[in-house]
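As written, the chains take the letters A, B, C, D and E, and residue 1 is the first residue of each chain.
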Amino acid sequence: METIQSIKPLIAVLVSICVVPLLVLCKKPNLREGWTFAAAAVKLLLVLSMLPVILNGNQIVYTLVEGVPGVAIKFRVDALGMLFACVAASLWIITSAYSIGYMRGLKEHSQTRYYVFFALALSATIGVAFSANLLTLYLFYEMLSLATYPLVTHHQDREARAAGRKYLTYILGTSIGLVLPAMLVCYHLTGTLEFASQGFLAGACNRGLAGVLLVFFIFGFAKAAVMPFHGWLPAAMVAPTPVSALLHAVAVVTVGVFSIVRILTGVFGTELLGQFDFGVIICAIASVTIIVASLIALSQDNLKRMLAFSTIGQLSYIILGVGLLSPKGITGGMLHIAMHAFGKITLFFCAGAIFMATGKRNISEMVGIGRRMPWTMGAFFVGSLSIIGLPPTGGFISKWYLVLGTLEANQMTFLLVLLGSSLLSAAYFMPVVYRAFFPPPGKAMFENKVGEAPILCVAPPVITAFISVVLFFYPEPFFRLVSMAVRFIGGN
Amino acid sequence: MKAIGLIIVVLAGALLLYSTQDFPFWGDPASPAGTHTATYYLTKAFEETSVPNVVTAVLADYRGFDTMFETGVIFCAGLGCFVLLRLSRSRDEDSYYRHVATGITLHIKSAKIPDVSSEFERIDTLWTPYDLIVKTVCRLLAPFVQLFGLYVIAHGHHSPGGGFQGGVILGASVILIAISHNMRTAIGRISEKTIHILMAVGVLLYSGIGALCILLGGNFLDYASLSRILFTNEIEARSLGILGVEVGVGITVMAVMITIYNNLSSDGRLDEGL
Amino acid sequence: MIWELDLAILILVIVAAIGVIQVKDLLGCAILFSAYSFLMCLLWAIMGAVDVAFTEASVGAGVSTVFFVAAVFRTTRRTKD
Amino acid sequence: MSDLVVTLLGKYNYWLCVILMMIGLYAMIAKNNLIKKLVGMNIFQTSIILFYVSIGCKKGATISILEHGAGHHGVDPTHYINPLPHVLMLTAIVVSVSTFGVALALAIKVYRKHKTLEEDEILMQLRSE
Amino acid sequence: MTNHYPALIVVLPLLFAFVVSGVAWVKKSLCFPLTIVGMGLSAGLSVCLLGRVATTGLVEYRMGGWETPWGIGYHVDYLNALVVTVVTVLAFINLIATRKNVVEETPEKAGAFYSLYLLFIVGLTGIVLTGDLFNLYVLLEVASLTSYALIGMGNGRAPMSALNYLFVGTVGGCFYLLGVGYLYIMTGSLNMVDVATLLPQMYHSSAVVMAFIFCLVGVGIKMAFFPLHMWLPNAYGFAPTAVGSLIAPLMTKVMVYVLIRLILTVFSVDFAFVILKMGDPMVWLSSLAIVAGAVFALAQKNLKRMFCYIIVSEIGYMMGGAWLGNNTGMTGAILHIFNDAIMTLCLFLCAGSIYYRVRGLELDRLKGLFSKMPVTMACLVAGALSIIGVPPTCGFFSKWYLISGGLEAGQYGFVAALLFSSLVNVVLFFRVIEISYYGDFEDHHGHGSSGEAVMEAPASMLVPLLIVSIGLIVVGLYTGGIVNHLINPLLLKQGFLG
């Protein structure tokens, strides 16, 4: 394995920050959106150009500046980060397209602000993906929190204010109150914060302290919405749909989970976790979240809220997978980052498209909508298959590995959790699809004039749904990245 | 409040008293304070500056930098009183005049102020005639007071006194006039603008001499380097440098005392004063 | 320096100080304060600090008192304590 | 016992100085009238000046102005009082009179607005605003 | 000329102050340019001085050419050079940024105002550079007296606040003077280095202990250290805009510098920590200061007053860091002097430009300001993030050192207080941001009270403000450099062993 010095990661992060002045100064909407696209394309190309290097088993490193002696602001591109960056960068393009359709279609106000903060959020996301140490990760994590605040509260009404308040309370409160002290304790114990393949905490602290740190980190990264710090996610649903999509699939929650995965593998190391028997604790925390979130999702009528609770559950799959500490489980968890992203973004796009075309938010009002919006609901169907974990979608692959992981780790309880929650997700998704396509006679709620949403809002979900299917048949690139990452962290 | 005050005071007093136990005895010639730096000043000051009053030598030369800021503090005080109290003249104010010969008071409502003449004198509403004896005595006294002030400044090298005390005395002479006559008379002799410019000129003289020393190649306030333009030896140059800064201090202190008095006694209106 | 004289004046100074803070008229306070300053000046002269004494005489007992009186004239003589 | 007496008598100057200091401090804290506080402050300052001047004292020495001609042939430092505290206190007096002037100016400005110098009355006015 | 830098930094603004006050009576329009020139020269020279100190380690200067225990000497090491640079550069920026405020608030006395402004800077730079204990007192009084006058220039409650500040400040100054007197009576010297060499043989004398305590109390009063902070919020809050943004960032920080200087150079860390064992109680008091400042800030309804209480809290940061008793904490404290000055300036400048347009700083009046003054509000957010301690702003890094120092010293109460105040700051600032982001909900119903159109502040305010807020991030990123090149060498010489 070689380490290559290159400024590319920094540029990939900065692309979308650099485009901000252009966005602000552009008076014409077309030009403004053109810049957004250009930045998204450049970013994706940059990320992809690093892919072969990573696939050859190398790493790219760039040190920006040494903020504190021993802890620099430093980027490192490795397999896991690459996986996440690929997902985020490619979905940004699709989301941009969707945003244009959505925002113009609904004639939203302050579109420039929207695009600016969208770009900033993406910078932060890539920054998290490429960060080489805890400090850099924390930096971009906070940046993301702040950049998404104006997005979440885009409507600037009372509801948005309440949601924004909740969002910040949860996210900033936990990151300052829990992550920051935990990080400083780590630094104090070891003098470094650099992610290492087997963690850097080994031998530096006893079981009790390590346990406290673990809890601080898992709950501190509240973006991962591990219960009981999940309350912000359903509240944040007041945001425009592309933002929800961004929050749920591309940036925020995934960043949270990604951070936890990084902490578990890069700070603690699987060996230390196994030695202290922390795997079970992590899995238990995750399982509770999975089951409870799925049950709550069952009772939701608002489509976006239901998706939000579904997300909360699905995220904990990833944590569960890593918590199993077996190679297959970790593989499954990491793969789920990508698979869930594509599946969930499809669902959100669909929800947005339905809202645009019909103005409906509640599931109970969507009876028979499949007849009117076949493409959208088709995509919705594929997306929900992926989330449930059924073939022929990518979701199946990750879930398959998770199940194998539980077997490998000999944790039958968690196998049951996985299966049970799959059934639950089937239980909350399938009725939606069923009623959309097969309404009870005479109860279809839509007149003939309702049709598909504009093309820019329909194409993205269709594309992402298609990608989900493709990922079932050809998961190779992601799979290779994940197996490299697993090999790197020395999962036996 | 009184109880709290008492408690704090008693506590602080007890601490202070406790700490005196390690002091050298009062007036002990062998105490560190009496021997360490003091010995140097007493033995060397005269040969290095040729000023017999060691206090002046230390004040204006060894610790001349302190004294410059001391003058700065005074300057701040003058400026401070000015900015805090001085009211800008409002145009549409009523004004009162008195016909000197008859004592009739004129009340003029318009903004227009008649030309100054010897027949009319501007007064306030609350006007009481000044006592002739006091007025005359003070007017006669003022030049002597001023002369004494100048002597104190000039003779600071050899006797107690110096720029600061002399300046105060000079300022006091003007204040005396302002009290015994009225403030308009005093301001007529030395206007507000003059006072303020004098205030700046005095300290500027001090710091200017210091800066001049830098230009002549010495350190700041190193009067020895003035010997080049004064055509004397270094010791004499120091002595003259001390005189120069004392004059500067005197000017500033005088001007500041007058400013503070003017603003305080007239509530910033610079009218008739007390 | 005569220590008996020194002690006597010191005690007078303290008496003057207590008087200054207890008197219920600000003009009286000003005059007493002037006396206090003058006593202080004497004290310093006895201790050999002639320059300081000179300064105190001109500033503390002289100009300060004038300022004080001027300020009292521009405000009020009344005080509750 | 005699030890204590010696200590007491040997430093009585400092003791009385401390008492003066405390009178000033008490006036500053406990008095209600702004001008009275100001006077207290001045007493506090002068007492510190007294303290410094006391430091400079030397038994059996004279004022620190050299006798005529004494400077030319060696000065016996024990004959003269330490000049440094005097120098410092000249500065301190100047500082205290400057502070006094500015404080009076501020007091007049306060009086302009509140028409009183009693702190409690001013606070009452501010509270009712 | 280069070896005269230390003197010139102080003397040039002094000369210009006198010139300005004289020129004001002849030609008013010259005052501002002259002030700019004087301040700019001083700032430029202090940057040069910092450069020299960074390479040579120590620059000495003797006033009047006299050797140090007899004359007054400047003894400029890393700490002075760093702080003096902050003081002069920030004062320069503030001077430019607040010009319009000055024109508006004190139109007639601009000359005197600028003269006092320069004298205030003279006082601060002198305090920072001097190596003489009594000279420090004189300059302290220069700075204090000018600040009383400047604060008293304001309207409304300002004179009363200034008078209160004067009383308290003078007591502080007197206590310091008393402390110096105690030192003088014991050592016979006033030069810091000289005193430091004479002191070790009498560390156990009660007089020296009292000297230290009096200096501590005096400086503590002047820096508004809890519970001696009562004067600060009123004095800074009611001051004229240009004065608030000058004094608030600089005065308290310079006083913290004085304290650190006293600990490091005069009394030595051995005395303060090993013999007196003052570390623990002071850290606890600092923690209390942090918590109290944060809680009081929560109760404020005025932006500027809120900032004032945040300063009280920040003083606790620095004091706590200095008293932790290890190099990390001291590094944090010194770094925080630097960083906090910049952040506070940023906040007060924002308050200044908001006041310039909105004419009020009550929180309700900030409604909808994000859309009207986006740049100013963006800078406010930058300052807020720094106060909260979000990377990569500089506030994060000093907090980092402070917390690490706290962990190292085992002072978990202090660490908890720091985290608590961070969280409270989040609440404080997001309350402000929320109000200004959302605007009036009732506006939609059509009876908006917006008679005057509020718009973005003029460029002369915005540009300095932007420079300061970018500075927040740049300084944050170069923290490593500052620590390695300036603070570590200092602590290597005078800091804690091991």
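As a convention for this text, a contact is a pair of C-beta atoms (placed from the backbone, for glycine too) under 8 Å apart; a residue touches a chain by one contact, two chains touch by 3 or more.
No experiment lies behind these values; they were computed from the predicted model shown.
Between the chain pairs C-D and D-E, more C-beta pairs are in contact across C-D.
The chain with its Cα centroid farthest from the Cα centroid of chain B is A. Set against the C-alpha centre of chain D, every other chain centre is closer than that of A.
Chain centres here are Cα means. That of chain A falls 70 Å from that of chain D. Here the CA centre of chain A is 43 Å from the CA centre of chain E. For the pair chain B and chain C, the distance between C-alpha centroids works out to 19 Å.
Put simply, the C-alpha centre of chain C and that of chain E have 37 angstrom between them. In chain E, the residues that reach two or more other chains under the touch definition are 134, 138, 141, 145, 148-149, 152, 159, 184-185, 190. The set of chain C residues that touch two or more partner chains comprises 1, 50-51, 55, 59, 63, 67, 70-71, 74.
Shared interface positions of chain A, defined as residues touching 2 or more other chains, are absent.
In summary, the structure contains touching chain pairs A-E, B-C, B-D, B-E, C-D, D-E. The residues of chain D lying in touch with chain E in their complex are 25, 28, 34, 37-38, 41, 44-45, 48, 51-52, 55, 84-85, 88, 91-92, 95, 98-99, 102-103, 105-107, 109-110, 113-114, 122, 126.
Taken in their complex, chain B has these residues touching chain D: 1-2, 4-6, 8-10, 12-13, 16-17, 20-21, 23, 25-29, 31, 33-35, 37-39, 41-43, 45-47, 50, 52-55, 58-59, 63, 66-67, 70, 73-74, 76-78, 80-81, 84-85, 158-160, 164, 260, 263-264, 267-268. Against chain B, in their complex, chain D makes its touches with residues 7, 10-15, 18-19, 21-22, 25-26, 29-30, 32, 54-61, 63-68, 70-72, 74-75, 77-78, 80, 82-88, 90-91, 94-95, 97-99, 101-102, 104-106, 108-109, 112. If you check the complex, the residues on chain E that touch chain A are 385, 388-392, 397, 400-401, 403-404, 407-408, 415, 419, 422-423, 426, 430, 434, 437-439, 441, 476-481, 483-484. By the touch criterion given at the top, residues 1, 4, 7-8, 11, 14-15, 18-19, 21-22, 24-25, 61-66, 69-72, 106, 108-109, 112-113, 115-116, 119, 122, 126, 132, 134-135, 138-139, 141-142, 145-146, 148-150, 152-153, 159, 182, 184-190, 198, 205-210, 213 of chain E touch chain B in their complex.
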